[in-house]
Amino acid sequence: MTILLQAVINGLLIGGVYALAAMGVSLMFGIMKLINFAHGEFIMLGMYIAVVFTGVGIPAGLLGIYWVVIPTMVVTAGVGALFYVALLDRAARFGESPQILLTIGLSIGGIGLAQVVAGSDFKLPPNPVNGASLALGDITFQVGPGIAFLLAVAMAIWMAWMLKRTRFGKNARAVAESRETAEMLGVNAHHVFLVTTTISIALAGLAGALVIPYHYTYPSVGEDFVVMAFLAVVIAGLGNVLGSVLGGLLLGCIQSLTATYFDIDLSTAAIYVLFLAVLLLRPEGLFTAARRTV
Amino acid sequence: MLSIAGLATGYDGVEVIHDVDLAVGAGETICVLGPNGAGKSTMLRAIMRQIPVWRGSVRFLGQEISTRKAYEPAHLGIAYVPEGRGTLASLTVLENLEIGGVPVRDRQRLATNLAHVLALFPALEPRLQHAAGNLSGGQAQMLAIGRALMGSPKLIVLDEPSLGLAPQIVSQVYATLRALKGEGQSILLVEQAVARALELADYAYVLDRGRVATSGTPGAVRDSGALQGSYLGV
Amino acid sequence: MPEPLLALRGVCKSFGAVRSLVDVDLVIAPSSVVGLIGPNGAGKSTLINILTGVYQPDSGSVIFGGKDLVGVSTAQRARLGLVRTFQRPSPIVDLSAIEGVMVGGLVRGLSRTDARAEAQAHLARLGLRAEAERSPRTLPTGRLKLLDFARVLMLRPKLVLLDELMSGLSGGELEIVLDTIDALAAEGIVFLVVEHLMEVIQRLSRSLVVMDAGSVIAHGPPEQVVRDRRVVEAYLGSDALATPC
Amino acid sequence: MRSCAAICAMLAVVAAASFLIQDSYILGVMTVTTFLAIWGQSWNLLSGLSGNVSLGHSVFIAMPAYVTVVLFQTWHVPVLAGALLGIAAAVALAAFIGAATLRLSGPYFALATLSASAVMLSLILHFSDITGGPNGIPIAFTEADWTNLEFDHTRSYLLVGLGLLCVVTIFVAGFRRSRLGFYVAVIKSSEAVARAAGIRIALVKVVIYCMSAALTAAGAVVYVFYLRFLDPGFLAGLTLSVEIALFAVVGGTGFLAGPILGAAFYELIDVVANARFGDVGGWDVMVLGFSVVVIVMTEPRGLCELALRLVRAGGAPARMRSVQREAK
């Protein structure tokens, strides 16, 4: 029983990062109908930026390293805005396949760029979070993933509030449903897309900054998180932002449970089988109510 | 307040509207009639900047708007009630109304507008928190008109507000339009339902195959025979 | 009376709260050109989608050539001889004009040579001989619509649904299409023509079906139907007849 | 057809020229380019002609490679027989994936194929008793014997590869003009139009998926014997899947020579980067990735179109033609 509980806790904590990554992917798909295959490389970028900031200094105390989170998010948000203005804005008229190729090209190119600029070695700034854990009875909580998990939950709550209550959120949902109708009512869709991209990439930066204390930073690290994020997003239902958070946590749990009871490689296969089953049997996703077709 | 001169536009390289002239004065109700395929909706979509204007000018309150972006007419004071109503089904009724209020920055003004809309359409009030996709056709039409009013428009443009509605609902819609007209609202109305539109309008245009076939007072247009000609070919 | 080519009985189709087709009965004889008109939102598009199998009816039956079409796919219907054109031109951009037309013959099992010969004949008939080897990317809308028509004819259809084929054609193209329809109708091909251009409908159709609010409200000879009180009301409103015309 | 003949003639020239080259590094580069081109060409048969971007073509490389080698080493099945079984296995897998992804398009299709490739990798890693897991399986060289696809000179692999590339190119060229090729063009334009024209969309899609897999697999079974090593990270990796798609796009998916030009371009970057920067890796993927970005943003029809423009710009009458074409 303790083993099971520990496995679930570990899974939820691992899933926190998947959830953060999935939120960014899902937000962009939901509003802009675009899958950003380069999202993982934006996480990687966030990690490198955060690692650079740690070079400035790490304050004493267990959580001192987390000062890098805010500046990392600011920089990645700027990169996100640039990403929209320089590429996505113009690519919108090209259609689906070119858009897929554009972000995949950016992804591969980004990995290469990181290798050229930063080299292929694995970086992990020395810090007290790495390996630290809290024990609560028989259960241990890893501090690093735990903080990522808490922030994922906080961001999910913020996102839910933002989409539901704020003016931007309402405008964004209107554009998501029908860009034409929203514009006719006075909503500037370009502005909505710019803000959406900025938030999405800032979330990637957040995810990146949160994992550097306990996860190596290297050029192709994005794949570690983003593949799970894509799967979480599809399993939840493309564009269902809050569902994708649950999807990320669910995948973390599946990974942790199969790794505990079977074999880590099988856990990947198990997740893909779940993914393919959802794609084929319930393409609208597990956490999205089937829409009426009107 | 709206004046269109020599407007031409179309889709996929096919010109649908050829050299149309049309004007709406302040406080006027203008209707544009014509059969399916005459180009009425296409003309409105060009005015609302959803498709490019090929030639000619569209001026609103003295400003040329034919090169503006799609979201700008709403901010200048033209509200559009599209054909098929354009309900944002995944948003609630209240959120739809709030989106309609995007051009208005003043919160006080928004509250006044909301009260005005709910007074016009009391049926919407109990449904404010419901998904707009669950409304009946008549309610959705009321929502679309109400949403247009939320932005304090100077001109309201309606594309076939009677489409697909039961006769008594159409009567209700027209009663509302009459009330708005009474408040001094300028209205540009595109319709297939000739009789009702002519009853409401101050001036009418008949569009046939993308050109203005005739125009005049409702009485003159009704008597000209142009309507029967373009609708039924008799 | 010969067995009808197409018979719809009690066909209903709703989308959520919207009733698009309400209890539609429609019988089309094996030899005719039938016009289908009605105001926007009358249900013409839904009817075409039901006939071609894009939608399944909620209730009612569709019998084509004595065969119940329930569960028959769009592609199968096309091979059975129930074909359609689309409102917007639908060129096959990666193929030349004649190749896009040949497809209809290849589906029937013709060899490429035979399909090409037959496609040549159709293109010649529609005045497209000169454009045969060109890419549809370089052709104007009217020509593209004629190509769509030719592709559909290559399927050796029994019933052709023309969904606004003729809007967007030039005067000359229109004459060619009208003559072709007349000639093919004489050979026994049935056309169901949805069109806004009233004079076209009147010139072609031996009978006219009028829809309004999801129902067939009139079906008969054109000159009779356009004077039908319900038809005039549907188009012009209830008091239009109060004024002399 | 003229471009097909031109390409085959060019490949023949390359084959002849290879006898003048003794440097095994250059021959190796040419061999890798040739096999990449085979895969790019096969990928183009599916994705270029149908418009659906597949990001999972490495499954049709890993599957036949593993089947052939494992059958040969563990069960002593003759290599040629094993290769046929391997190709058959790839086709069966393609039929399954093709049927499963029938209704998917755009990003859904890309994600589903990408994940098929990831499933393949994780299964290979898991069943390490058979596959050697992450360590792979080395293929011991016994003796030069063409029935075992074992040659003692790199040039032999290059020649086999060039022959195969010719066959694949001729196949793709013929396919475009075939009945099925026409159907694929219609489906790419619009599935609604294809249905209305009586085309069995599901059947056509599955069949081209299988064809593309078979051609990919044919290249894979030869290549793995050139490589002499079942390397899961390379053969089943997501990277290979994505690279195939990208260099084919860089070359130009609308052209028969596109994937070949793309493969050559990609290998060229690799060679130049290795020579110039040595141990600092990443230049090749960086240039490849950003080339795709540039091509998508500016010239969606790839290097082939650029080359054609350069050729046309040579003469004034030719320039007139290209201007006219653009105007239309």
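Order of writing sets the labels: A, B, C and D. Residues in every chain begin at 1.
Keep this in mind: a contact is a pair of C-beta atoms (placed from the backbone, for glycine too) under 8 Å apart; a residue touches a chain by one contact, two chains touch by 3 or more.
Note that this is a predicted model, so its numbers are computed, not measured.
Applying the contact rule given earlier, which two chains have the most C-beta pairs between them?
Among the chain pairs, A-D has the highest number of C-beta contacts.
Could you tell me which chain lies farthest from chain C when each chain's centre is the average position of its Cα atoms?
So the chain farthest away from chain C turns out to be A.
Quick one: chain A and chain C, Cα centre-to-centre, how many Å?
Going by mean C-alpha positions, chain A sits 50 Å from chain C.
Report the inter-chain centroid distance for chain B and chain D in whole angstrom, where each centroid is the mean of the CA atoms.
Computed from C-alpha means, the inter-chain centre distance equals 55 Å.
Taking each chain's centre as the mean of its CA atoms, how far is chain A from chain D in angstrom?
Measuring from centre to centre gives 32 Å for this pair.
Roughly how many whole angstrom separate the Cα centroids of chain C and chain D?
44
List, in ascending order, every residue of chain B touching at least 2 other chains.
Residues 133 of chain B touch two or more partner chains.
Among the residues of chain A, which are close enough to touch at least two other chains?
292, 294
Among the residues of chain C, which are close enough to touch at least two other chains?
16, 18
Please give the residue numbers of chain D that touch chain C in the complex, ascending.
The touching residues are 49, 179, 182-183, 185-186, 188-190, 192-201, 328.
For the complex, which residues does chain A have touching chain D?
29, 34-35, 37, 87, 90-91, 94, 96-98, 100-102, 104-116, 119-120, 219, 223, 227, 230-231, 234, 238, 263, 265-266, 268-269, 272-273, 275-276, 279-280, 283
In the complex formed with chain D, which residues of chain C make contact?
For chain C paired with chain D, touching residues are 52, 54, 73-76, 78-79, 83-84, 86, 90-95, 99-100, 102-104, 106-108, 112, 137-138, 151-152, 155.
Mind pulling up the chain B residues that touch chain A in the complex?
Residue list for chain B touching chain A: 48, 50, 69-71, 73-75, 79-80, 82, 86, 88-91, 95, 98-100, 102-103, 133, 147, 151.
Sort out for me which residues of chain B touch chain C in the complex.
Chain B residues touching chain C: 12-14, 35-38, 83, 133-134, 136-137, 160, 163-164, 167, 192-197, 209, 222-223, 225, 227-228, 230-234.
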